[in-house]
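Dropping the structures in below, format is structure tokens.
Heads up, the next two complexes both have chain A, just with different partners, chain B and then chain C.
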Partner chain A sequence: MSTSLLLPILLGLLVILAAGYFLFRDRKGIAPAAYHNGTLVPNGDPSTRSIPTRVAEKIFEPADFEFVRNSGSPEALNLFQRERRRLALLWLKHVRQQAGRVVRNHAQKVRMSKRLDPAGEFEIAVRYYSFLGICGLAWLLLHFLGPVTIRHLVRYAAGLSSRLPGLTNEATVALGGESDPLPEAGDRKWPF
Partner chain B sequence: MAILRQGEVVTACRDLQRHTLEGIHGDLARLIYIASTRDYATGRYHHDGLSFRCGPDVASKALAICHKEVFLIVALSSLEVLVSNLEDYARSSGEGLAQFIRTWAELQPFRVVVPLDCDKLTLEMFVSNVTVALMLLRSRIQPSG
Partner chain C sequence: MHFSQQSLFWCGNSLEAIILLRLLYLRSFRKYLLFSSYLFLILVRSLVDLYVLQFHSELYSRVYWYFTEPLSSVLGSLVIFELYRNLLEQYPGAARIARRIIAIVFALLVSRFIVQVSSGQGWELAAKVMVLERDLRIVQSVFLVGILALIHHYALSVGRNLKGMIGGYGIYIGLQIMSITLRSQLGDSAQAWWIYVHPLCYLLVLGIWVVALWRYDPMPSAHREAGPELDYRTILGRTLAQLDEARSSLSKSVWP
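The block that comes next holds the complex of A and B.
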């Protein structure tokens, strides 16, 4: 095999291995789902979590779906599924925009800095693009399966996005800059 | 507007809760009541009793805070609770349930009870939930279609 072909393959393998490492590390850090009697039981006091997080819990939790399904009205079930899918897409757009803003701000600071931490930047890039990939997958699956079915995937995507502000802040501090204020506590931890 | 002291506003909120909101049955009815005290042109809230006790600025601020809180409770409540709240409110309005559902589905008066600085996601959640709750209520009174 020629070296011109070997190099991209090796680089590709390296990126896949790194992505796998970071994603596996994330997976261990995210709190497991907690459902009791079909109702979502979030970790921590609900009043301490941000409003978009609480809305997201509502969008993806199965309790309302069960209630509408048991009502015996196919019309209502149809409307409910359509509405929740629309809300889920809206939420997905919201978290993508938030993550994009965090990474753009960070990129701006990095461009102005003289010191660079390639490993840290690589980790941020891998996490960000993994997050975008999972968002894309969630967007696709939402259309076929609905929000309740893909709630674990969404939880995972939210876990990735919630780690981005912390990572970029650490990297900014390492560059010698001032860190941005972190989003409120509720945005940093996905509760289910 | 004069600078408001937090303590005064908190006291006014408690006052509103104790003297007015506790007497209203259901969170949806409370939400509609608080929203009705808001001037649509200015976004300011007016409540004679509360203004008399705390002053108009403190009363307005307290109503705005309570409005936001009650709105969040309703927007994030389960569909089961919302359907029950909606049914109670419809029955207390004196109109027949069928007429109430038709009016609400067509005019969507629930859109005017949203607080001024509500985020888009919560607003959409609220409107979506009320729309589904109305459909569920309608299916209860017209099971065949």
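The block that comes next holds the complex of A and C.
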């Protein structure tokens, strides 16, 4: 099937599905979030309550994982990993909902404004959807690797990147070139 | 015209007349002036088609391709204007932006068609009308998706009337794009099913409109935020800052 045939048919199908969904959906009203001076405040809806940063950090912290691993029980380790993954995914969902609420609240506030600026709205859309993209990526990583493995990977990657200049030098020397000594912090000369 | 075709034809016309009479009875004719005009003109168009077919059948092809078919495609844009007009009635800033964009895009599209027709031969007109119709429907579908996006993004409450108009017209546009594409690719072989599929689809859409417009249910009044109205730039700045904060908190937790 050629593209000139396929694309309009797909577009037509998409429009039918979107219109059909819109027609038959049963939209339940969403209670507007409570804001005070632009800051989200709890109003009874769990997604408006913010989770303390230390809780999020605890979910990803490898110390508990090391403790359970050292206990020597594979069942306990499996259970721990499953639970941590669930917690991390729940936390991610919560963060995504909060960002969604920020955007919805913005829309509620500005939708009647006469000074609505398309560029500003576009900027918000770009930032919000790129945030959702990052959330999607994080979801995939959390789902398939788990929070503790991600931390390990990040630490490994961070270690690798700090070793990268050294490795480049070693490779240069191995290929017969001259090593470029790494500058000390005090010796760094800026190009301007 | 076969009996089955005639039945479909008269069913469609009857439903259009029912909707128009109902709009008149409910006095919502003025509220949905563009939509009502669209329905009225489509009804007139059908009757003109029938008259020409019965009494001047040698002219039918010309009238169809030169007049009624392009007219109905262009008239379809009235529905899109109507949807935007009603949807954004209470939102002047968004309405102003949407009006300009829609007018520019439609003007460009129609200009392109006029240039194409004036530079080509007569026998190509049917193909050009089909291309125009397909292009117009595609543009309309983009605007319709835009309407759905606006409703979703700004959490706009939509009344039953507008919901039916949007849903019904969306289904109609989608089916039109698909059938025009298939017809232009398959040629005459598609004509056999086209004469049945097209009126059937249209009947489905008219059915949705009859149900949706049976009673007057306009857009609910938009809820204005309590308290002093903040400057748009201030709200924008705060929202962007909050999104940045959410992003950095996510990054810090997952990728410290």
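Observations, loosely collected:
FYI, the second predicted complex is superposed on the first by the 96 of 192 C-alpha atoms of A that agree within 3 Å, B and C clash if a C-alpha of one lies under 4 Å from a C-alpha of the other, contacts with A are read in each partner's own complex, and residues count from 1 in each chain.
The criterion applied here is as follows: a contact is a pair of C-beta atoms (placed from the backbone, for glycine too) under 8 Å apart; a residue touches a chain by one contact, two chains touch by 3 or more.
This structure is a prediction, so every number in the text was calculated from the model and none was measured.
Comparing chain B with chain C, more residues of chain A are touched by C. When the two complexes are overlaid on their common chain A, residue A:116 makes contact with chain C while staying clear of chain B. Look at A:134: by the touch rule set out above, it reaches chain C but stays clear of chain B.
Of the two partner chains placed by superposition, only chain B is touched by A:63; chain C is not. In the three-chain superposition model, chain A touches both chain B and chain C at residues 59, 91.
Chain A makes touch with chain C in their complex at residues 4-5, 8-9, 11-20, 22-24, 30, 32, 38, 40, 53, 56-57, 59-60, 91-92, 95, 98-99, 102-118, 120, 123-125, 127-128, 131, 134-135, 138, 141-142, 147, 150-151, 154. The residues of chain C lying in touch with chain A in their complex are 90-94, 97, 134, 138, 141, 144-145, 148, 151, 153-156, 163-164, 166-171, 173-178, 180-182, 185, 208, 222-225, 229-233, 235-236, 238-240, 242-244, 246-247, 249-256. If you check the complex, the residues on chain A that touch chain B are 39, 51-52, 54-55, 58-59, 63-64, 67-68, 71-73, 75-76, 79-80, 83-84, 86-87, 90-91, 94.
Note for the complex: chain B touches chain A at residues 72, 75-76, 78-80, 119-122, 124-125, 128, 131-132, 135-136, 139-140, 143.
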